[in-house]
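So that you can tell them apart, the chains are marked A, B, C and D in the order they are listed, and the count of residues begins at 1 in each.
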């Protein structure tokens, strides 16, 4: 199967994720969309890795997962604390600072 | 000997410095110091004069070089003096008459608390005037030129608490400044043409210059002369200048300063001779002013203003004569000197009259004063006879010569000029007779009338002491005032004959100004006869109007011409409307422009930035998602741009 | 390595500023005296410089050179030519009078003192000395970058002087005064900063083109023909420089900051501003615009002359229209700066010598007039002309000095400004007759605004508002008398000054390679 | 043993026995600065676990400062060994990080900035003591809900969030690697390592916790978003060149690559991969430096975060991010100069102008400084664009000059307080010059430096950058930069006017007297302003020598 298709899929996922970030209000969901984007990247890495016949891409994918995990830890901590403070996880409510 | 020249100026200058910087301590001796120092410079002048007479006509010019004033590359102005017959004539006139008037002022200003300063200013004037006539180059002359202007400004406005005086002073200075523009431009032209502006250099090279250049320079000099000598169109200030104390009017605005223009033209003879057009302009100016002043003189009821008009007209004679070229220069100067005597005399007389009349200046409130102030009457009378050119008195000789010279110009021009001068003589006779009659003859109109001229609410404090608004008690002035009058009277009687008989003055001045007899179409005799006839006519009319019939205490409405003449032939109204009003509008609108337009543009830009900032701020709406959008959009744009960049 | 005269001349006031600022808050008088002493020491130093300076010598004398920021091609190069010396002397001369005149201007009003640490007096005099130091150094610098640094840096202390120590005589009360003042200060700073920043671009350009900032090196490069500056580049750079200097000078139409700045600041500060700081602008035109970009200067001359001409007439007319004494003087200064710039760009010996003399004379005359005006205003507490009248009756000495200052401003012959003004006119006329003639209108207008001012304030019946006004005090006479004496001396005997200036001007002329136009026919002496 | 070899070793699936796995060759000495800081951070974590609360604060502060100092010493030592110079600079740790001039210079700058920033972290004199316990600018307990009883209790108990020290050390570690990263993977990891702790630090303000948390959320979400872009960009570049090491990619871009296998040949032909990938990576970095249009997080985060953190972020992050950007553009994409240059031109221009203009109407001092930092990013970009050794060194110099001043400025902001904590609204600053001239004067000095007035560090930096840009032919950029700095001058001056020329308000803020710690921070700032402004030659030389990247 032509690796290019994997690439298309990756871009599609990435775009979906990005769109989600722009559209969804709930911080958790937004964050999940970011994760989706990261995974899209992973797919792209693996695909290219296969294409070029070296392992770098796959190794990077592992790194990405670790980083994503770390992001989850930090992100959830922040989002949860915000949620507890305002009883809402909507990113739009968090707009005290503007102009 | 030559080194004495500087002293001529130094003496009065020292006086000015001492009197103006010195404190109240000098208040008592001030007048004396001033008078003595001015006298000193007269003595020095006399010594130099004697020395000069001792020499041959050819080498009478003395020079003294003090130091380099402004040396910049080709531009070399020195502080140096040149004393030749022409300057010498002026030196004697200035320091002589000046000293007399100092003496007169001791009496006249006796009660003024600020007389120390008054004498300081007088000395300053004498110094500046001497500098003017002694300078050996035009730039230094310019310095004296403005110096006398300053002195005149200070003295006209001496009673500064009178708004009218302050205004008159300002006006005089401003009008003169216009003339000064001419002088400075003339000097610049000289520099660019000859590379120098020292008398020697310029006159030496004059013949080499094109007529155009010479004309330009000469016209500019004429403009300057018009300013100082109150010639049309810059004459308007002289009338108002009468706001100053009368001695000032006598010294500055009759005898000396106002004749500076004549000096300038005569001094620049070599330039004017090469520029016929300019000379024509000069005679035109002279002729017009001659009549203008005379007419104004007829209409004024204010004795000083009337005399001012007469001064204008007399200087008109001189300018006209100077404009005639070599045939006229000498007589211009001669008339200048004689005029210096009798006009100063007349003014001092007027001052003396005012002194006795609570500073009343309106001749309609005079009358029959001859028996109250005999000395004044006699001296004034002699001055009167002199100015109308009564045979044998000084005016007769000098004015007659000018009339002859005018005819001698030849051609229609000659006829016209001759006619003008004759007409002027007639009018002179008219208004002077009128003045004489209104002041010293007729009924005593000042009886039971609370006097004081409306336009001068409070003059010298002296006046207040004498209890004004009461009926005046005419009385003769103290001898310290009458003696100078007597001396001047003698001068105005004898000077003419002394100069005229045997062309003594002509021979004295000829080496400097050069001289040529024109070819007069009419003989001297005829001219003299005509002059006398017109004289009688003028005086006669005046007698019929003011001698036979009583003079109304309030001025009648008068003919259109009269009314115009009373307002200086509407010349002031013109100035007011065009220059003053126009100027005010211009400046006001410019202030507005500066504030709204020039400044507005800048403030506008600042404001627009502020507005833009306010609008851009709105983008920062606090929503994380819109921030993300801008990032996303930005990325998209960048990607697109990069790809396009490659595609292009 | 000889004695560093120039460094010391600038270091003295700089040190003075620091010391003065360090004086304890309570010891105000001490601070004043410290400042005065330091300024006098600077004056002495300046005198020594003049003595050491040899008019016949090389272009830049008493030169000092030390490496500084070689990455920027910048070195600490000092040196003075005649023009620099003249202005150096002017600065050193005026500052003591400024300090003396402002003796009480910075005394804190008792109620307006939040705490002990607030020490306006120290600040005021320290800032004045700081300005002096920077101005002095900018006259000494022969390195474009060094000059630029000071050109910009001197704005800051000046800004605080205007905004922080404004004129207390204000119609609108303290609050209005404060807002007006900070507006004026900001306006001053922004105008000059914008000018300076545009100049910065040009300065960088110079480095890119020449690779050095040293005037002498650049001159050598040009002489050797190694200076590859295309005509257009030269012109752009010239414009960058000229704009900054025109703002500083100021030249129409970028002049509007001056009236507000001078109006709102105290008289001494106004003098410092217009008589000293602004001179840096005209000085820089003469030294940098002309010497760095001869070709461009000649190219731009017509336009600049016209602008200068507009400044002359426009400034004078606006002066006539003013109601505020200080703003009137400010507009008069604008007119005078027009003359200076005209003289510089007339490109004749007379014009440029005249312009240099003009800078000095204008400094002295404006100082005299403005300081007396300041004394007057401090007495009555108003700047409006209409609030005065008949002052000469109650305070004759004040009126007299005011009149002399005014006469100097209208450049009466016998007072020093006349010499310079006439030189400028002649210089301009000999190359551009029409412009020269139109400029003479300025003479008449000057007489108009000065005499109107004098008439309205000093003459006429004594107004109730000025009744019992005190005449000049000793301190005030000490300030004014020497200035007047100087005006008269330089008016009658300007030779010492011209002797110093002429060679420098000749140098400049040769660098621009212009020669005076010859008179149509040589005079036979 | 080179990277591809390793991979081939992996790809040949168990052909021969995997008996000998060569241990990767790591030059520990050369990457010691990173190791020291990271180690110190980990020790700090252990401290949190084992050191009693009373002693924790002091232990952490000392540890952090010592760690940073030691790391700095290591950097100096390396530089002394000549790793800074082009001759000895090289790639360490299997091509992961570069040890060269720019890297060392920036690491040194970051470390020193971090030290002074840590001082402000440790400041405990500003807030009134809660009971017997002195408190710093951080929440008593990050987890405790704002205004809740739990929080009150924590405050009463005198809890303090000493975790901030290890967190900041981790961030520093990331920052040290960021500009030195020599392959895209390292770059990404370093980015995350430096970002994640900052997200947390933003959320930990003691006062105004709500906006603090909001700042954290925004920063985190947008940061994650941007790093996703960056990562995708990495993927594309990897796809294009088959490798993530800078050197390799550069070769491929230049076309000077050896032994091209068919797959590579295929992807090499596809410029879209390269261009889009490069654009995305660059975008990720521009986000960190806060360039328009990726700047919008800056004002909010700067305002919301605890002021010491803001200062630290504003200074250190910018330094690190610009370092990475420089390396990327100069090492990886020199072959692409003609593609990225126009784009960067655009970004630089709108960044300069936009930052300056929007700042004019700001009313909060921290937001004002945020926008000013945006404008400065624009100026620095102008230097980046110069694409010449001169450009590199000018940027290095600018960063060094800028960072300390920024930390100092924010330190001053922490001093001006009223009942509600720091009084950041501009109107409160009115007449500060009358109340406490010294503080106002110092702040004025910083503002003048930001405005780039001559004889301040700001001017020297600006001049260096513009000079490089002009020499690089970017004259229009210089002119725009000059204009925008004129606009910028306006609002700096506005603040000065406010402080000195307007009457103090009765309810105005008080100025807290800080401990020596903050004094040092501010002192360093002032010193840098003056030294860099008046005698910058030494540092210019330093930056000049450090001006070349290792390939």
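The definition used in the following text is that a contact is a pair of C-beta atoms (placed from the backbone, for glycine too) under 8 Å apart; a residue touches a chain by one contact, two chains touch by 3 or more.
What you are looking at is a predicted structure, and each value in this text was computed from that prediction instead of being measured.
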Walk from chain A over to chain C along touching chains and report the minimum step count.
2
Shared interface partners, meaning chains that touch chain A and chain D
B
Just by CA atoms, which chain is the most central one?
C
Could you quickly compare C-D and A-B and let me know which has more C-beta contacts?
C-D
If we define chain centres by averaging CA atoms, which chain lands farthest from chain B? Would you check?
A
Hey, how far is the Cα centre of chain C from the one of chain D, in Å?
46
How many angstrom between the C-alpha centroids of chain B and chain A?
97
Approximately how many whole Å separate the CA-defined centres of chain B and chain C?
37
Take the average of all CA coordinates in chain B, do the same for chain D, and state the distance between these two points in whole angstrom.
81
Quick check on chain D: which residues sit in contact with 2+ other chains?
217-218, 221, 225, 229, 299-300, 490
Residue list for chain B, restricted to those that touch at least two other chains:
606, 617, 620, 622, 624, 628
Where in chain C do residues touch two or more other chains at once?
190
Between which chains does touch occur?
A-B, A-D, B-C, B-D, C-D
The answer for chain B against chain D in the complex is residues 606, 609-610, 612-614, 616-617, 619-620, 622, 624, 626-628, 630-631, 633-635, 638-639, 641-643, 645-646
Chain B touches which residues of chain C in the complex?
190-191, 252-253, 255-256, 314, 317-318, 320-322, 349-350, 353-354, 390, 392-393, 400, 407, 412-414, 418-419, 422-423, 425-426, 429-430, 433, 436-437, 440-441, 443-444, 447-448, 451-452, 455, 458-462, 492-495, 498, 502, 506, 516-525
How about chain A: which of its residues touch chain B in the complex?
18, 21-23, 25, 30, 91-92, 94-99
Of all residues in chain B, which touch chain C in the complex?
20, 67-75, 79, 139, 142-143, 145-147, 150, 153, 157, 160-163, 165-167, 170, 173-174, 177-178, 180-181, 184-185, 187-188, 191-196, 200-202, 204-205, 208-209, 213, 583, 586-588, 590-591, 594, 598-599, 602, 606
Can you tell me which positions in chain A touch chain D when the two form their complex?
7, 10, 14, 17-18, 21, 27, 30-31, 34, 37-38, 40-41, 44-45, 47-48, 51-57, 59-60, 63-64, 67, 70-71, 74-75, 77-79, 81-82, 84-86, 91, 94-98
